[in-house]
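Listed after this line are the structures, all set down as structure tokens.
In the two complexes that follow, chain A is the common piece, with chain B as its partner first and chain C second.
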Partner chain A sequence: MVILSLLILNKAGGLIFQRDFNEGLKKLSSNDYLVLAGTFHGVHAITSRISPVRNSGGGLEVLESDRFRMQCFQTLTGTKFLIFAEPNQPNIDVVVKRVYELYADYVMKNPFYQIEMPIRCEAFERNLVAYIKPK
Partner chain B sequence: MSATKAARVGEDVWKTRIDKVNAELVTLTYGSIVAQLCRDFEGDYLEVNKQLEKMGYNIGLRLIEDFLAKTNMGKCANFRETAETIAKVGFKVFLNITPTVANWTTDNKQFSLIFEENPLADFVELPDDGRAQNELWYSNMLCGVLRGTLEMVQMQVDAHFASDILRGNEVTEMRVTLVRIIDDELPPGED
Partner chain C sequence: MTIYSFYIFDRHCECIYVKQWHQRDRTFRPTSSSASTVDSPVALASDRHSSTSSKLQNEVHPSSRGGRLSVQDDAKLVFGVVFSLRNMVRKLSGPDDSFISYRTGSYKLHYYETATNLKFVLLTDVKMNNLKVVLHQIYVNLYVEFGEFFSIEHPGGEGVAVELFEMGLDSFIRTIQD
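== the complex of A and B ==
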């Protein structure tokens, strides 16, 4: 499994987590990651309004390119998980679900994590790495 | 989603995806929290109710993500569906009980949850000081949990107990009212 990078956006479009797992994407400055998150949040909001398909108000879900495939999963609470993977990576939705579970466990259930704030939970990262990049 | 489907989902998730914990540990932990609050606020039961609600609210804000991640639930189409989901999936998954949904108002914005059993209140007798029986809502944390979880999925509700077997009432009944759907275009604090 080759997952390149994971971004988590809070419901206001603020970047609360970013981590690269494999080489393949250009490194950005931390400010640029914030801009990327904010921009995506805006684009997502627009796509959810102008979707030509009836009753599909979910907004942009997948972005494919020669170099990577980006999948967005938005929870019912408005949090977004963006996963960048290799273009041919299958079953990203399974990965996203599992990442969401890890987030529910190691971020939301950590009593000292402040909701909507940047995630600094060591156990979360440890479990993420163990799942995405098992040794 | 129909009531029967909700029941099936709740049963299934509870069986396959939930780590179980000894029920008495939960009952005793909850009991010591309530008793400690009663001591801290020197028997000001109205304040204790408030604190329990607030604690529940903070739990709810977090618990919703676990609920969604474990159950893979989609959006509810209306408030009736929400009520069934709370009763048959939410309470089932976290407390292994399924309160009955009843007493809808005609505008479909208010319903009751009737608790035939309540693991939080096993072994409990309210203090015999002449006030607790009239003032303390022992399980008030549950009201806060509902308010917190639903707020995270864009529903502002009011939840309060209307009666409690602990007080000598016939049934334990929680009243839930949909105040409004929170418009998520502009999250609070993002002007």
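== the complex of A and C ==
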């Protein structure tokens, strides 16, 4: 399984987590990641607005480019998980669900985590790496 | 397979062609500012024509599309989205990578950009396969053949070449839909 990178955005479009797992995407400065997250948040809102179908729910779900494929999962509370993978990576849905579970278990259940703030939970990162890059 | 709409944006970020299907069969061609300054009778006539048609559209809109946006505003939003996503993709994986498509729960947007920064955008239903090749063919076979002539020779005007382009596009889209 080749997952390139994971970004987590809070409901206001702020970046609360970013981590690269494999080579493939360029390293950006932390400021650039923040800008990227904010831009994506706006674009995501517009994509649901320009839908040609009436009463369509939700914005961008999958973005494809020549070199990667990005899956966006928005929770009911508005948190977004962006998973970057290789273009022909199957079953990203499963990965997204699992990452969401890890987030629920190790971030939301961490008594010291302040909601909407950047995620600094060691257990979360450890389990994430163990799941995405098993040795 | 359903095809909802088709947009062309030129390198000045202006929308030079819109066609929508399955909403209401009508075309809107934004008049460029250069066309309105030309005071030949032909340009004036076409200006008047487009202004009446846009007025008509405004009257039709609220009832036909509920609280939805006008065609022009839709085009601006579509441009904003593809422009941002394209920049995002380039920033993340280098300038030689290109954004191909995205999909939401209800539609899929296909994108193709030529070396001269012309942007072709097609909105279809979710199940459609990759249409980058199709957009490339629209560019090569239709735009270069008929459209190029139109945009260079008749900025904002109407001519035979446009009709040829529209006819070509229509028949082309029909072949994808089947």
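As a convention for this text, the second predicted complex is superposed on the first by the 133 of 135 C-alpha atoms of A that agree within 3 Å, B and C clash if a C-alpha of one lies under 4 Å from a C-alpha of the other, contacts with A are read in each partner's own complex, and residues count from 1 in each chain.
What we mean here is this: contacts are C-beta pairs under 8 Å (C-beta built on N, C-alpha and C of every residue); 3 or more make two chains touch, one makes a residue touch a chain.
Values in this document were obtained by computation on a predicted structure and should not be read as measured data.
Trainee: Consider chain A as the common anchor and indicate whether chain B and chain C clash or fit when overlaid.
Mentor: Aligned on chain A, chain C fits beside chain B.
Trainee: Per the contact definition in the header, classify A:Gly78: touching chain B only (first), chain C only (second), both, or neither.
Mentor: The first partner, chain B, only.
Trainee: In the overlay, answer first, second, both or neither for which of chain B and chain C A:Glu101 touches.
Mentor: Only chain B is touched by A:Glu101; chain C is not.
Trainee: Looking at the overlay, does A:Val129 come into contact with chain B only (first), chain C only (second), both, or neither?
Mentor: neither
Trainee: Mind telling me which of the two, chain B or chain C, contacts the most residues of chain A?
Mentor: Touching more of chain A: C.
Trainee: Tell me the contact category for A:Lys109 with respect to chain B and chain C: first, second, both or neither.
Mentor: first
Trainee: With the two complexes superposed on chain A, say which partner A:Met117 touches: chain B (first), chain C (second), both, or neither.
Mentor: A:Met117 sits against neither chain B nor chain C.
Trainee: Can you work out, in whole Å, how close the C-alpha atoms of chain B and chain C get once everything is superposed?
Mentor: 13
Trainee: Which chain A residues contact chain B in one complex and chain C in the other?
Mentor: Correct list for chain A: none, the interfaces share no residue.
Trainee: Of all residues in chain C, which touch chain A in the complex?
Mentor: It is residues 4-5, 20, 22-23, 66, 69, 74, 77-78, 80-81, 84-85, 87-89, 91-94, 97-107, 109, 123, 130 of chain C that touch chain A.
Trainee: Which residues of chain A touch chain B in their complex?
Mentor: 11-12, 75-79, 97, 100-101, 103-105, 108-109, 115
Trainee: So in the complex, the part of chain B that touches chain A is made up of which residues?
Mentor: Of all residues in chain B, those touching chain A are 61-66, 68-70, 72-75, 152-153, 184, 187, 189-190.
Trainee: With touch defined as at the start, can you tell me which chain A residues reach chain C in the complex?
Mentor: The contact residues of chain A facing chain C are 24-26, 28, 32, 36, 39-40, 42-43, 46-54, 56-68, 84.
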